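Some structures to go through are shown next.
Both complexes below contain subunit A, partnered by subunit B and then by subunit C.
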Partner chain A sequence: MKQPNRRIDARRSKYVPPLVVLVVVVAGWYALAYSLDNNFASGDGSALIIPPPHQLFVGLNEATVDRIAAATWISLSTAVVGFMLAIVAGMALGIAMSVSRSLESALWPWLIAIQVTPIIVLTPIIIRVAGASFGARLTVTVLIAFFPIASNTLFGMRSVSAALHDVFTLTQASRWQRLTRLQLPAASPAIFAGLRVSAGLAVIGAIVGDFFFTRGTPGLGRLITFFFQDTRSGPMFVTALIAALIGLGFFVVVSLLRRLLVSPWHRP
Partner chain B sequence: MAPSIAPRRTFLLLAASLVAVLAACTNTTSGGTASGSTPDSVTESATPANPRDLADVCISPVVVQTDWYPQAEHGGIYELLGNDYTVDAQRGATTGSLTFRGTDTGVDLEIRAGGPFIESPVVTEMFLDGGIMFGYVGTDVALSRYNEAPTLAVFNALTVNPQVILWNKAKHPKSTTIADIAGEVAAVSVFGDRPYMRFLVSKGVVPVDKVDTNYKGSLMLATDDVAHQGFVTSEPFRYTNLESGAIDTAYQLIHDAGWTSYPQNLAINKLRLDALRSCLARLVPMMQQAQIDFVSSPSRTIATLLDVVQQLDTTWSQSAELANYAVATMRQLGIVGNGNTPTFGDFESPRLDDFIARAIPILREQGLTVPDVTASDIATNEFLNPGITLP
Partner chain C sequence: MAVSDPAIARLSNVGHHFGGTAVLSDVNLQLAAGEIVAIVGPSGCGKTTLLRITAGLLAPTRGEVSRPEHRIGFVFQEPALLPWRRVEANAHLLAASDDGSMVEQLLSVSGLADHRRKWPHELSGGMKMRLSLVRSLAARPQLLLMDEPFGALDQITRNRLHDEFASLHASQKFSALLVTHAIDEAVYLADRVLVMSGAPGRIMQEFDIDFARPRAAGLRYSPEFTSLCGAIAESLQLQAGRA
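Right, the complex of A and B next:
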């Protein structure tokens, strides 16, 4: 008889807290929208500064939806391709540095320098060199996203226990076997931790970099500024929401991959 | 702070009344008619009471929200500012008695700088802040925001838009139009997603891949071989006075390229029209005359503009030379002018209807919800004095 109650309790503890937070956020949103002076002093009753949730889609006519869709495609494709390249570049660098101490000492300071330099400083230089092309967008995204992958790969590769290395030495394993059967699997929890951070950064890179890519069809970043300049608060919020959802989507995909590939055998 | 009706300034008003009576007598004795030839006489005959007394009909202060830092294009409004003005650099507001040709009208005038001093476009500020009576709203903006923020333009301060696309004349001597230069440079740089640029793209004047929306107001021609937006009243002068070496510029007005929007209208929140009607009837003719007075004899108001700019203490700079250049250019190019009618500052229906027909498809393509409005929905000549004309 106690079993069903436990299940109900478990479900409650799983779903009720997020729902409570959701209700609080929506209530806070409404409170903010209706507490701002003259927010609804417009001719048609729409919000001038912050639209309440039920007015979010006011002004989303066909032309606006088309603009948002085009911008979403540009930012999403930049983030996806940029993230893939960041994985390749980050892991390659991490592995290379784990193999060679001299390579690590040569590259590490530069990687740190790139990481700590604000991307808004680098982006205009990249555009000057590469033009306002898709390649330049990718470069910005890769630069902002690759470092956590590289550093976590290096850390993971170096963290393999000496005992396990001894086992591979005893079995006379080749360098390739040691890399693919010992070091990479052992480093995968750390690599996936880096991937989760980089996933968010790739989306940020694609959208922040977009502010500087001022030619051709705008991505989400520039479209938000256009809506801001025209005080079209509804479309502006929808665009921001899509940017957040893309970031969330990246995070979820990486988490699922981690669960599939690492969780079955890894216990932190 | 809520606006309030200004306390009567008995002494000043008495003096103003005397001046008005004397002026009326002068007109009568000189054989003036109801539609007298001088602006003053027409204004005087508009109402039996002293039309310069605004205290009974206008909220004080009369707040004008401008679209940028103080500059010569706003000269007509600063012309109405009395010498007793003070500057609030924090708010970008300049406040003094509203003075018409040296006579205090009994209310205060507050002129607010735009640009970085406001969070939203002027048209939105007019609805967020109920204290604003007039805002500078171009016809294209009035159309694009008509649903959410309906405005009614009551006086056009600039008949022709001073907005230009300009380029380095020495590097492109054969280019005389925007279409010419768009074929020669790598980019045409403008601020944001501007409807006029969409119009130029739609007409094939500028290829879409050459539109750069990142113009930030710098003098780009010093370093880049591009074309960029600017004001004919400012940028050509600034380029000829560059410290790094003068650059001779060529330009085309976007007005001449077909975007014939009235650029700088004094507009009100349309929802407040009935409440403001009696004030507008007396104040708008003063605005007409003040703009003419400014361009005819700008020295006093230019000194005011320079002083206000200095007191605001921002990165924006002005000089007497630049301001005088601006006034001369406005007159020379007809930017301040009567247009096709003798009345100064009026809205000409054929031009407005033609522009509306041209602009609405562009604005809708931009995703803006624009209803089918007519000229009378967004502008009126009701409050203008038809006898006021630029000589």
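Right, the complex of A and C next:
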């Protein structure tokens, strides 16, 4: 009798607090929308700055939907491909540096330099060099996102216990076996911690980097500024919502992979 | 064990120091094929270091070591399991693929068969140690180096594993170097017991254990057994006093 009740209680305590927060957020949203001066146009009463939730989709005609779809495609593909490349580059760098101390001391200061530079400010230079191309978008995204993966891969590869290394030494394991069967699995919790950070950065790189691409079809970043300048608050909010959903999607995918590959065995 | 048997492993005048600290000095040791040698000595006297040198995991700063090229097993003082492999996968890790049934046998005598689907972090300390032992034995080692492999176990489990280890040894005929803090364990399992002293570690005394094999559990309560244990304990105390 007691057991199921407790389970329901547990479920309640898991879902109720976020729902309470949701209600508070929506209420605050309404309060803000209706308390702002000049938020509603005097003519048709459309929202100018903040649309209340029920007016979010007002003004979404077919042309606007098409623009948002095109922008979503550009930003999403930049984020996805950029994240993949950041994973490849970051892990390759991390592995290479873990293998060779001299490579590490040669590269590490430069990686730090890239890491502390707000890469966004380099976007105009990258566009000058590579043109306003998909490649330029990817470059910005990779430069922003690769570092946490590289550093966490390096850290994870180095953290393998000496005893486990000894086990592999005694079996005369090859370099490759040691890498794939010992070091990478041992590093995977750290690598996933890096992936979680990098996933967010890749989305930021894809969307914020878009501000600098003044020609061609706009991505989500630039589209938001267009809607802002035209005081089309409904489409602007929808675009922002899509950007948030892309970020959420990245987070969920990385979390699911982690839950599949690392959580079962890993105890921090 | 015939004296004429060629040594499986041999340490000649081995010495080792870490930085400026001498840890081992003048260690001479021969391990005949099929022989089990136990090493007892105070904590920190260099037993683990000696095993690592014998295994080839550490190059000694002095002396010569010869050892088999392949199939050296090592049961580490800490159970070095792969946390991302389940119990059964860890047990099979070093075994030949056609030794599956032997591994299963080892899992069941060590009481791990019911836990085969667990992850290492779900095992108790003693269970981890048993799994580490199973993994090493499953590789059919030629030379087995064991660093306090039975340390974390209760007396009943320990005695059961002693007998299992002895019968496995009888069938596989590996040579073993067994580091232990339990004198009765050394006497029950070994053909020879070496007593080490510390700072720097050296072999001070050697005891031949001539009890016939297979040895039975009752041996532990025989007067010969207890008096031999007493003699070794006395020797150990002497070394401890010296250090």
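Everything below uses one rule, namely that the second predicted complex is superposed on the first by the 267 of 268 C-alpha atoms of A that agree within 3 Å, B and C clash if a C-alpha of one lies under 4 Å from a C-alpha of the other, contacts with A are read in each partner's own complex, and residues count from 1 in each chain.
Convention: a contact is a pair of C-beta atoms (placed from the backbone, for glycine too) under 8 Å apart; a residue touches a chain by one contact, two chains touch by 3 or more.
Just so it is clear, the model here is predicted, and its values are computed rather than measured.
Comparing subunit C and subunit B on the residues of subunit A they touch gives the larger count to B. Once the two complexes are overlaid on the shared chain, A:T169 sits against subunit C while remaining clear of subunit B. With both structures placed on the common chain, the touch criterion links A:P185 to subunit C but leaves subunit B unconnected.
Shared-chain residue A:V129: touches no atom of subunit B or subunit C.
In the superposed model, A:V116 makes contact with neither subunit B nor subunit C.
Using the contact criterion defined above for the overlaid structures, shared-chain residue A:T214 touches subunit B, although it does not reach subunit C. Within subunit A, no residue touches subunit B in one complex and subunit C in the other. Residues of subunit A that touch subunit C in their complex: 161, 163-164, 166-167, 169-172, 182, 185-186, 188, 264-267.
Subunit B makes touch with subunit A in their complex at residues 120-121, 124, 127-130, 144-150, 187, 192-193, 208-214, 270-271, 364-369. If you check the complex, the residues on subunit A that touch subunit B are 37-39, 41-44, 46, 48-49, 59, 61, 63-64, 66-67, 212, 214-216, 218, 222, 225-226, 229-232, 235. Within the complex formed with subunit A, the residues of subunit C that make contact are 52, 55-57, 70, 72-74, 76, 78, 80, 82-85, 94, 119-121, 139.
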